[in-house]
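There are two complexes below, and they share subunit A, which is joined by subunit B in the first and by subunit C in the second.
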Partner chain A sequence: MNLLDIRNLSIELIGKNESTLAVDRVSLAMKEGEVRGLVGESGSGKSLLAQAIIGVLDDKWRVSADRFHWRGKELLHLPIEERKAIITQDVAMIFQEPISCLDPTTTIGEQLEEAIDSSQLTGNFWQRRKQRKEAAVTLLHKVGIKQHELCNKSYPHQLTEAFCQRVMIAIALARRPMLLIADEPTASMESTNQGQIFRLLASLNQLKNMSILLISHDLENITHWTNTITVMYSGQFVEAGTTEQIFNKPFHPYTQALLDSSLNANSNVPAKSRLMALPGSIPILQHLPIGCRLGPRCPRAQQACVAAPKVKNYHGHQVSCHYSLRDSYK
Partner chain B sequence: MFIFTLRKLNLFLFTMLLLTILSFSLSFLFPGEQLINISGQINATEQELAILATSYNQEGNIFEQYLAYVFHIFSGDLGVSMSSQTDIAGEIVRLLPATIELSMFAFVIATVIGVPIGFVAAINHNKVTDNVILAVAMIGYSVPVFWLGLLAILTFSIQLGWLPSGGQISLLYEIERPTGFMFIDILVSESPHKWQALQNAYAHIILPAFVIAAAPATVFIRLARSAMLSVLETSYIRATRAKGLSFIQIIFRHAIRNALIKVIQHIGLQFANLVTLAMITEVIFNWPGIGRWLIESIYQRDYTAIQSGLLVLSTFIFIVHIITDYTYAALNPLARGAKYGSR
Partner chain C sequence: MSTLLSVSNLSKTYKVRGDWFKSKEIAALEPISFELDAYQTLAIVGEMGSGKSTLAKLLVGAELPTTGKIKLNGQLLAPGNFKQRCQYVRMIFQDSSTTLNPSLTIGQLLDEPLKLNTNLDDLARNKLIQTTLLKVGLLSEHMNFYPHMFSGGQKQRISLARAIILSPQVVILDEALAALDPSLRSQMINLLLDLQQQMGLAFVLISHNLGIVRHFSDDVMVLCNGRVVEYGKTSKVLKQPTHTYTKKLIMNQQLQVTTR
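Entry: the complex of A and B
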């Protein structure tokens, strides 16, 4: 059974006169214990999609979907509060830019402790306090922070980026989530730190059977750690499949370009950089092309591309393109 | 914290330098003899004037004259009032506490009322509550203080007769004034009618304090509202929501503290504004403070008093700013390490 099954989720930015479709009918499914990569250039709507899943988008966005199943249960018909309660119970998220996601005026210790669900604690008032403290220390140890006392007393701006990222992971783990959404967990980090964070996530996945949705702009960077990958471009679904399918035989011209650019650059692509393998840059929300949004940049584009392509499924390898590369592999 | 203090001290010295230069140059700009303007001795004989001239170093160049002036200020000599020939420093020491008391009272009222209302408005953003609060704040800000003061006296003192219309305390109570602060003096006094006196003093201060507080409170409402709105949009609030905290918990544990820090910085700046309002209100309510005294001096063209009064008042406001800076630093761990002049 799928842990999470989302069909045709759309996110609109509500404007004064018209609203813009920032994310256009994207589907995403996650199995238990799976590590799925969510890849796309900067501005593809990856963070928006993730925030829509855990329901923290503010009211200038409107989210709609055909299906939103969590462990087989349809959440769409539930009232907002109830849906949020169910989701935050089992899904945790590490946000992009960890430092800005920690309250600058509260110590790390306090922020960590308040994330611990009181249902995990037993006993009376003061026993709970002590348990909460101990649980926080355990969490810090789990994410590889040994100086827990110093860390608990610090304020976010006193810590390095990588350190904050670990704290964010610890906070996310406090709820003992079944699904962890990690939004660019290693952006702007040195490669040694990157490896540590990825290994930590991988071990959590293996030991706790925790599913992970790993968001990144760099396809190459995450392929070692994922089972399956979903690719997005400018708010549209591009391609999904197992890591081998995507990596060895990409069907979509965009995935091909992503692969080419990261192979050419041969190392980490800095975030928010341009994609070298395709001309032009990702369209801004105010000027989205009709039909397939890759159209203006796509080397294979033809007239049919002014209509949005339908998703085709070849043995679990889904692709959304009129002229997919599938035939070229035969 | 030491460097922070050093920085503030530095700033203080420079500001004092500028203020004294300004006040010194005023004595040249006012009509009449500079020596008389600066000392206030209008009835002095030739001999007395000669002594004054040496003490203000009139023989020396302008810089030496300025130094002599500063020396006079620091030895507590601000000259005598041209109209009453009383010692100005003594007058100020006698009157300033009443103004401080009134301003502080009004400031507390404005903060305690304005800030929470602003927060409530932000939390109910785009709802009826928010719009009503904003409209009321707009009206409150536009009402002139003297009109509001007269209206308050008309309603609460004359028609309803609830509160006295002027003065600091009823003349019936004889209170020793060792500190000059009415409430402190009453509390330390030996008077058998201490508690009645205290009540009476409260009754006198409430009306002028609310009148002064009205406009600043509306400013605080808007400040607090926009601070809270911007805090509610930050990523850390979004992250706390993802942690599963309820809305109430988020507001009380994270949003209020961060919003307060933003507000306090601006609130300090409003104090100067509030003191000007207090000065006008003192005239209406016959409050024996430095504002009424200064405005009377202006009417009487008492140049010495104007010059010294301005110096003391600006110093006072500047000290208040420094105190708010310290409060801000104590609340916000980030500000203590901030770069020079950036806050």
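Entry: the complex of A and C
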């Protein structure tokens, strides 16, 4: 059974006169123990999608979906309290820039202890304080921090960014979630630290069978760590499939362009040659093109592209394009 | 051909408060020397705290060097002489949205370096701004726009326009490509390479993305804790790294790309 099954999710920004469709009918399904990458450039609605999953979008946004199932339960129809209970129990999220997400005025130890649920503690009330402390230390050990005493006593600004991200992951793990949403966990981090964080996430995935939704703006950074990838552009679904499918035979011109622009993957390109690049820039939310939003920038665009394409499924490789590159591989 | 930029024994130490009355010295950058020709790009690679940003600051003159000399076209760039330096050495920063003054239009933004450094009259300045905007792939109408009306990629182009408007000889790119989205990054790289060919610019590229470094630069310098651990032709250094630190950097990035 799918852990998370979202079909045709739309997120609208409600305005005075008209509302803007920020995310336009995006589907996403996750199995247990899967690492899925969600790739899109800025303004593609990937963070909105993550926020919609954990349900933190406020009244300005209207979320509607054909199906929004969490382990077989339709979440959108549940009353808000029940939904909250399910989500806080099973889903956790970590953000980019960990230093700004941690409370600067309290120590790491206190923040960790705060995150630990009382129902996990078994002892009588006089034993709980000690148990809570021990649980916090175990959490730190789980994310690979050995100097727990030093770490517990320090404030976020005293730790490096990679350490803070580890603490964030530890806090996220406190409820033993089934799904961890990592929203650009390594943005603005050095490459050595990036490797550490990704390795930690991968080990958590394998040891605890935790599903991870890895959100990133750069396709090349996450391909090593994911089983499946979903690509979004400007709020629309582009392509989804296994990492090999996306990486070796992309069907959508946009995915192709992303791969072409990745310099690490194409190290055989002669130095200082011109790179393949899509013309133009990402459309802003106020002036979205009709139909396929890639249309004005797409090298394969034709007249039919003014109507939004339907999602086609080829053996689990889904693509949303009228003129997909599928025929060119035969 | 004579070298454009030659740096000899450049170093920087910061004084911090130590025990009692003694002050401790921290070497942010140990003495380094290198040379850079026109049409060439030098990439500087290193981790946080390796001194790469310090080197950039020293080159543009935002910090005074402790020792060493910077020569441009055989002429000594005196520390503190900004009139001379502003013209020829320009810099682009990582986050373009915070480096542009939000209360000025693009025309006014680009006018500022011209007013400060040239004796051109209004008409000539206006003309120059328009041609520079066209050069970086924007329109001359964009002169009357404010920075917030542009997207991230376009803002980076404006920063580039501000850097090249005085026809400099050296442009320093401090992580200028890191914050851009992949499709815009390729555009920007293409634009930078074109400008290098047209204007004979020398770039000093500071980056931690080795893919960009491989594609973009001729020479590469690997810094670690303020010390140069490796310096040579990019193709050679990245193919056959000799120092363990360089090997570690390359390993880390290759790992990310290979699919399972």
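FYI, the second predicted complex is superposed on the first by the 316 of 330 C-alpha atoms of A that agree within 3 Å, B and C clash if a C-alpha of one lies under 4 Å from a C-alpha of the other, contacts with A are read in each partner's own complex, and residues count from 1 in each chain.
In this section, a contact is a pair of C-beta atoms (placed from the backbone, for glycine too) under 8 Å apart; a residue touches a chain by one contact, two chains touch by 3 or more.
What you are looking at is a predicted structure, and each value in this text was computed from that prediction instead of being measured.
Student: Looking at the overlay, does A:V56 come into contact with subunit B only (first), subunit C only (second), both, or neither?
Tutor: In the superposed model, A:V56 contacts subunit B only, not subunit C.
Student: Is A:D103 contacted by the first partner subunit B, the second partner subunit C, both or neither?
Tutor: A:D103 contacts subunit B only, not subunit C.
Student: Identify the partner contact of A:F247: answer first if only subunit B is touched, second if only subunit C is, both if each is, neither if none is.
Tutor: Touch partner of A:F247: subunit C, not subunit B.
Student: Looking at the overlay, does A:D117 come into contact with subunit B only (first), subunit C only (second), both, or neither?
Tutor: Once the two structures are laid over each other on A, A:D117 reaches subunit B alone.
Student: Regarding the shared-chain residue A:H157, is it in contact with subunit B (first), subunit C (second), both, or neither?
Tutor: After superposing on A, A:H157 lies in contact with subunit B but is clear of subunit C.
Student: Please tell me which partner, subunit B or subunit C, touches more residues of subunit A.
Tutor: Between subunit B and subunit C, C touches the greater number of residues in subunit A.
Student: Look at A:A307 in the shared chain and tell me whether it touches subunit B only, subunit C only, both, or neither; answer first, second, both or neither.
Tutor: Neither: A:A307 stays clear of subunit B and subunit C.
Student: Touch test for A:I14: subunit B only (first), subunit C only (second), both, or neither?
Tutor: neither
Student: Using the superposition on chain A as set up above, list the residues of subunit A that contact both subunit B and subunit C.
Tutor: None.
Student: Considering only the defined contacts, which subunit A positions touch subunit C in the complex?
Tutor: Per the stated touch rule, the residues are 41-42, 188, 190-192, 194-195, 198, 217-224, 243-244, 247-248, 257-258, 260-265, 267, 269, 271-279, 281-282, 284.
Student: Enumerate the contact residues on subunit A facing subunit B in the complex.
Tutor: 51, 54, 56, 58, 85, 88-89, 92-93, 95, 97, 100-106, 114-115, 117, 155, 157, 168, 171, 174-175
Student: Using the touch definition from the top, list the residues of subunit B that touch subunit A in their complex.
Tutor: So the residues of subunit B in touch with subunit A come to 233-236, 238-245, 249, 253-254, 257-258, 261, 331-334.
Student: Given the complex with subunit A, which residues does subunit C contribute to the contact?
Tutor: Interface residues on subunit C, with respect to subunit A: 47-48, 151-154, 178, 181-187, 189-190, 193, 208-212, 214-217, 234-235, 248-249, 252-260.
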